[in-house]
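Same chain, two partners: subunit A is paired with subunit B first, then with subunit C.
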Partner chain A sequence: MSAVGVAEAAQAVVADEPVAEAARRRRRARRAARRRHGRRQAHRRARQPSAGSAGWTEAHVRRLFWRAGFGATPVEARRWAKRGKTATLDFVVNGPPGGAQLRGLEPRVDGRTLDPLNEWGDNVLWWLDRMVRTTYPLQEKMTLFWHDHFATSDQDTPMMLAQNRMLRRRALGSFRDLLGDVTRDPAMQLFLSLAGSTKDAPNENFARELMELFTLGTGYSERDVREAARALTGFIADWHDNGTVTIQYEADEHDDGVKTLLGRRGPFGVDDVLDLVVAHPKHAPFLVEKLWSFFVATPPSRETVRALVATYRANDLRIKPLVRAILEHPQLYRKLDAPDLVKCPVVYVAGALRTTGSHIVQGYPTWLLETMGQYPFYPPSVAGWDWGPAWMSSNSMRQRFTLGNYVVNYGRPRVRRGSAPATLTAQEAYELAWRAVAEPQVSPATRAALVHLAAHFFDDLDPDWRDKADWRGEALQATLRHLLLVCPDSQLH
Partner chain B sequence: MTEAMVVWRRTVLAGGVLGALLLAALVAAGPADARRQLPTTSVGVGAREYRLAAYRTSVPRGTVRFNLANYGEDGHDLVVRTLGGHELARTGEVRAGRRVTLQLPLAPGTYRLICDLADHEARGMRTTLKVTR
Partner chain C sequence: MPRSVHKGCDDFRQTSAATRDRWLSSGLTRRQALMGALGGGLTIWANQAMPFGRIFEAAQASAAEAPGARVLLSVFLPGGCDLLDTLPPIGAYGQYADLRGGMELQAPPALGTTGLGIHPSLAEGLNGGVKGLFEAGKIGFMPGIDYANPDLSHFHSRHFWETGLVTERAAPGWLGRWLDHHGSRDNPLQGLSLSSTLSPVLATASAPVAALESPNDVGLDIWGIGGQQERQMRAAWARMSDARVHGDGPEAVHTAARLAKSVGDRLAPYAEHDDVDPLAPPVAYPEDDDLGRRLSRVAALVAQPLGVRLASVDANGEFDTHDNQPTELADSLRSVSQSLAAFQADLEARGVADRVLTLVWSEFGRRPEGNESSGTDHGAGGIAWVQGTHAASGILTEYPSLTALDRDDNLKVTVDFRKVYASLIEGWLGTDANEVIPNANAYGRLALTR
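What follows is the complex of A and B.
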């Protein structure tokens, strides 16, 4: 193009620009108006009193917020108890209008911001911080569920973080889409040797876990595993000079022969295998029961499983309607005064920080999670972690006590000088501590023991000195707050 | 002596020589330059059979902290060399599933990171890191 031609083209662009820019501005304004309208409608819906609000109490909200997330603050418990069950479930399941956000102070470790890719343990703190500060806790809770369900371990940090982002994106969507992304995920492919599985040497690792742990549990044969492994061949790991890896599908390495799989026959490929396993009659009950046990301690009745399976299938294997059906099931709200589900370490740590309004200011939580037995990104095997009472080992309990120290020393419940005079009555001292740690559920026996402790905390002091012993009052507060955070009642939700 | 202590001692020994050189350079450059704080940059490094992956390809000059994680099944180490082959620092052997830190000041240039156990380097456990101004 000549110099003149270039100048003309430039002039044409300049002449067009205001028109194009104005159109863009109008489009942006229309989109913003639509978003504002949607937010207003959602807020209005959330504020409307629910038809089913009768019998919906703060205890119900606390149970729901713990099971579907990482606990409720006193303000949240009061607000959502007033708004009723339906509005609360809408909010918990769908998240806030506009999607998840992180609120509050950004985490810092020894004064620096997190570097999850390169610094030891920062990947764990990065995810923990999301659990503590997200406005959509169910999304993080489900990401944790999928991290355990599709357990992947010992892979390079960038790949694990990428997988974590994928699990979060797919957490409440279609199970089939999630399974497709997991099957093609580099960390998973390397962990279960799907990368490098070729028509000449098919590897059965992934195919076996796909059926045993990811989708069916039972109802398949060894032959199905072998045939699925053939159908899943073709993924090749390409290692680059800087040591990083990408994975590609190479049709030449795929076994395109006819396979017999789960009673069907054909030249099946990768997506055919995934379609077949999710269409298998064993899949829906398998996933429903696993998801149920994540949220509810007591096993579901046969009728409950049947109803949840119907919900799951009627919604094209989408997770959100199924999770909602579980979260609104009366069984979840059984025995509100006697919680029966053990908090796993991640939920215990994130919950203690979140409910008390505390933040990550030290690297301790990452070490504590490791010694408590649940170190994110490092599940012990492809079967994930052992849940339930298995979390309550003596060493794990000791570390839970240490977390209490962390929260009382570095979190919002730390005792300010002059805030707790020694002249408070035992009951007043207990209530001050209870409010400072976000009003947790405490059994009458625990409460009585703590009030008893408060009543005798100054027995060694001359009564005349008590009004001058504020430092002892502050020590009592720290003790009570610590015990409230780590007492047996706090281990369950 | 624990593995971490061995690594620390070797790090201190290797880093000490370089640190002294750096300090001498800073003193020679004058007090204003000496006061200027050079950044510390972390570089995650994953080791497995037989790959060594550095999660950053380039870092600014200053102190570099290599966080080595052995994701493999065998023992591995991390050796930092100039392109001319001069060894600057090394970790001890890191067992499978363990992690160590190696910290040293690096001037602008290109450095070779390798695992020099057995024939691991020849099998692919090598990569480069660029240090920019």
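What follows is the complex of A and C.
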């Protein structure tokens, strides 16, 4: 809302009230309240674009921090707007010197520490906590990208957590190295029946997804799938008593005959197949477009794809330079006042906790993510989740609405007794709530709806004792904070 | 064009829309496979001109919510359900047993005088389960259902069934398209998906639809806020949701925000209150069975004046029985039989059975010859059925031959699923099938209702 709009809304509130002694008393009380909540001017200043770097504002920082991670706190937005675009991108892409650390309170579930290997849902909380507390959010964001890209589901937790650590280690490095580790990863091997695929009974499952979903999309034939399956034979799963699995490669079980694969002939083995698919002309554009759509809502132009493909190839298929090129692309910063990319449930939940300085204190986020349609470690299929507008349904929005209860009752935005007197104006109540939930970006329409709500929240009370109804003021604060966290604007980044 | 034949794969997990979209936009064409089907390329969607983003036809909308309006329920058995074990051909038992090499059903119960048997699991449940429903004249089986030159990929074939179009094009679901033509403009409950994300058969271009797991789990609630403040809060939500926005993402968010409130408001009177469930079923459903639980909610909501017209439910079972079919299929069909039998008894007890017709389907059938892991691989010529007091009863289509297989050793298709869709649209929903199924007349009709 513009300053004019804010003033109008405030006037509308005043005009609704009876002009009488009670009103004068209320104005006096309001002035007192204003002194108590006198951060308003600071807040006004904060909304001015920073002059720290030409064309690099707090809005740019917020956009980048949301897309590359899980949102920016007001302090981060101010600090990085001053430091400028290059410094901010360096920090976001490379992380802090010395690598990622977890800052702040350790996660708890009803007072106990997490036990991700044994307690149901703790594996999800363990990862979510990393997203909330890491000093290197892009690393977690890319781990999430790879978990979707190399979707593996419904395997034993020790294997899934081991895979998760591998994806994190490889998240921004060489794609070829990542692909090699994924191919030999026990959870993936079992999920796509690569373990046990032998020369006598080659299984095409992994070979097909390797080309269709992992590296190429198109440009291969059914014959290539069959030949790749032959070349990938030889892996055998070894089950151990503790429930873990190791993968052995047994040369006896490998088909060492000549294969014709993607236009080449030879006695190809596992690494030959991986080398051939990443060298295929379709690979770079395929991965570039997939990564782009993870970060940017509108499709890239042909020139953009060409440039990004060149970057990716010039850097020997390393991910970090490609991600950086996307993160600094002007298209990512379009419509800074009207975000257009739907947050996936994981980013929505982790972002709400991280930006408000909240932590995991209950198991609640696990089942919330499940009902929102993104239960980490259980993607619905080898194709991963459906992104973008597909996250939205009447049900998923209702589940997203309930997140507010968790954050407002157990997180830092909790309303403390005596913190929200009934004498605040509607505008003041709104701004108090807005600051308490980390100054989220909201549209003028949303702000007006919330100020209107604040203006009428006491309507059923007798005017003579409205000013003393602090309990109602606190209920209003909880409601405003909740709505700010879950409103349509907060579903987008 | 070589046809993909998946053996021993898990790719029925690949049914997500993202994959389908990638496939749909990839330019891989299945047209060669389609040519020759039904002659003259009649099935090629790309030749049809049906605009999906059509302007909503408001004039027809009001009829949809009329009390007593008919309801069509889609029940999907994911994975590709085996025809031969579901309705074993006891008239040709020797051939059946030879094909299955030891994993065949032993002495399955006979299905009347049809010459067919029925899987013993389908005799379980209230009133004799699915078998009992058949004997009571409330089920019509359609063996051999599929489409010409079937695609044996789970997600391709499922996409065809969901959209009613054998095409690479992305499209709303066939039931969603019906709502776009004949549904209400403001009642999301007209298209009810019992799931946390919307079933693709109900995806629409413009008509509102709802996804929910339980009517108890739909309210927009803030802890500690009630009465007038709750009403004001929800009014603020409505104002925020109604704001005009642009772009796919923002529009999807705002639409979902409006639908969430609408669903919550409409179902508020039916939520559990003081441990009393106003929708509690009058009959016993199987315990701890997701399919039964979802069906019980469909029955309950259909019986209320909520304007439910089309509904979609997925079974939980493992029908992709590459391994250990005797056990897996028995468990899955038991759930289906117990749940559907309870559902039918529930509808009858609530006095709404005459309004509801159920279509049970799966994306394809399975190979007649068993594999080496006591399972079967993806095949053609599957099984579907209609169920209800107004369903045509008996064996409604030709049972495929066990000796005259197609060139891939699969059963020959004896009925196109679009013939069934067209027949349901005209015979049950009472509207022109050509609006929803392109060139519907090319498929002919089956008498599926009475």
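What we mean here is this: the second predicted complex is superposed on the first by the 437 of 493 C-alpha atoms of A that agree within 3 Å, B and C clash if a C-alpha of one lies under 4 Å from a C-alpha of the other, contacts with A are read in each partner's own complex, and residues count from 1 in each chain.
Just so we're on the same page, a contact is a pair of C-beta atoms (placed from the backbone, for glycine too) under 8 Å apart; a residue touches a chain by one contact, two chains touch by 3 or more.
Note that the coordinates shown come from a computational prediction; the quantities given were computed from them, not determined experimentally.
Residue contacts after overlaying the shared chain place A:Leu117 against subunit B, while subunit C stays out of touching range.
In the superposition on chain A, A:Arg435 contacts neither subunit B nor subunit C. When both complexes are overlaid on chain A, the residue A:Asp156 reaches subunit B alone and has no touch with subunit C. With both structures placed on the common chain, the touch criterion links A:Arg78 to neither subunit B nor subunit C.
More residues of subunit A lie in contact with C than with the other chain of the pair subunit B and subunit C. Shared-chain residue A:Arg265: touches no atom of subunit B or subunit C. Of the two partner chains placed around the shared chain by superposition, subunit B is the only one that A:Trp239 touches, whereas subunit C remains out of contact.
No residue of subunit A touches both subunit B in one complex and subunit C in the other. Residues of subunit A that touch subunit C in their complex: 153, 191-193, 201, 203-205, 208, 212-213, 217-218, 221-223, 297, 338-342, 371-373, 380-399, 401-402, 404-405, 409, 443, 445-446, 448-450, 452-453, 456-457, 459-460, 475-476, 478-479, 482-483, 487-489, 491-492. Listed in rising order, the residues of subunit C touching subunit A in the complex are 2, 4, 6-11, 13-19, 22-23, 26-28, 155, 188, 193, 195-198, 209-213, 217-225, 228-229, 232-233, 235-237, 239-241, 243, 245-257, 259-260, 262-264. Those residues of subunit B that touch subunit A in the shared complex are 41-44, 46, 51-57, 67, 69, 71, 97, 99, 101, 124, 127-128. Partner subunit B is touched in their complex by these residues of subunit A: 115, 117-120, 154-158, 239, 241-245.
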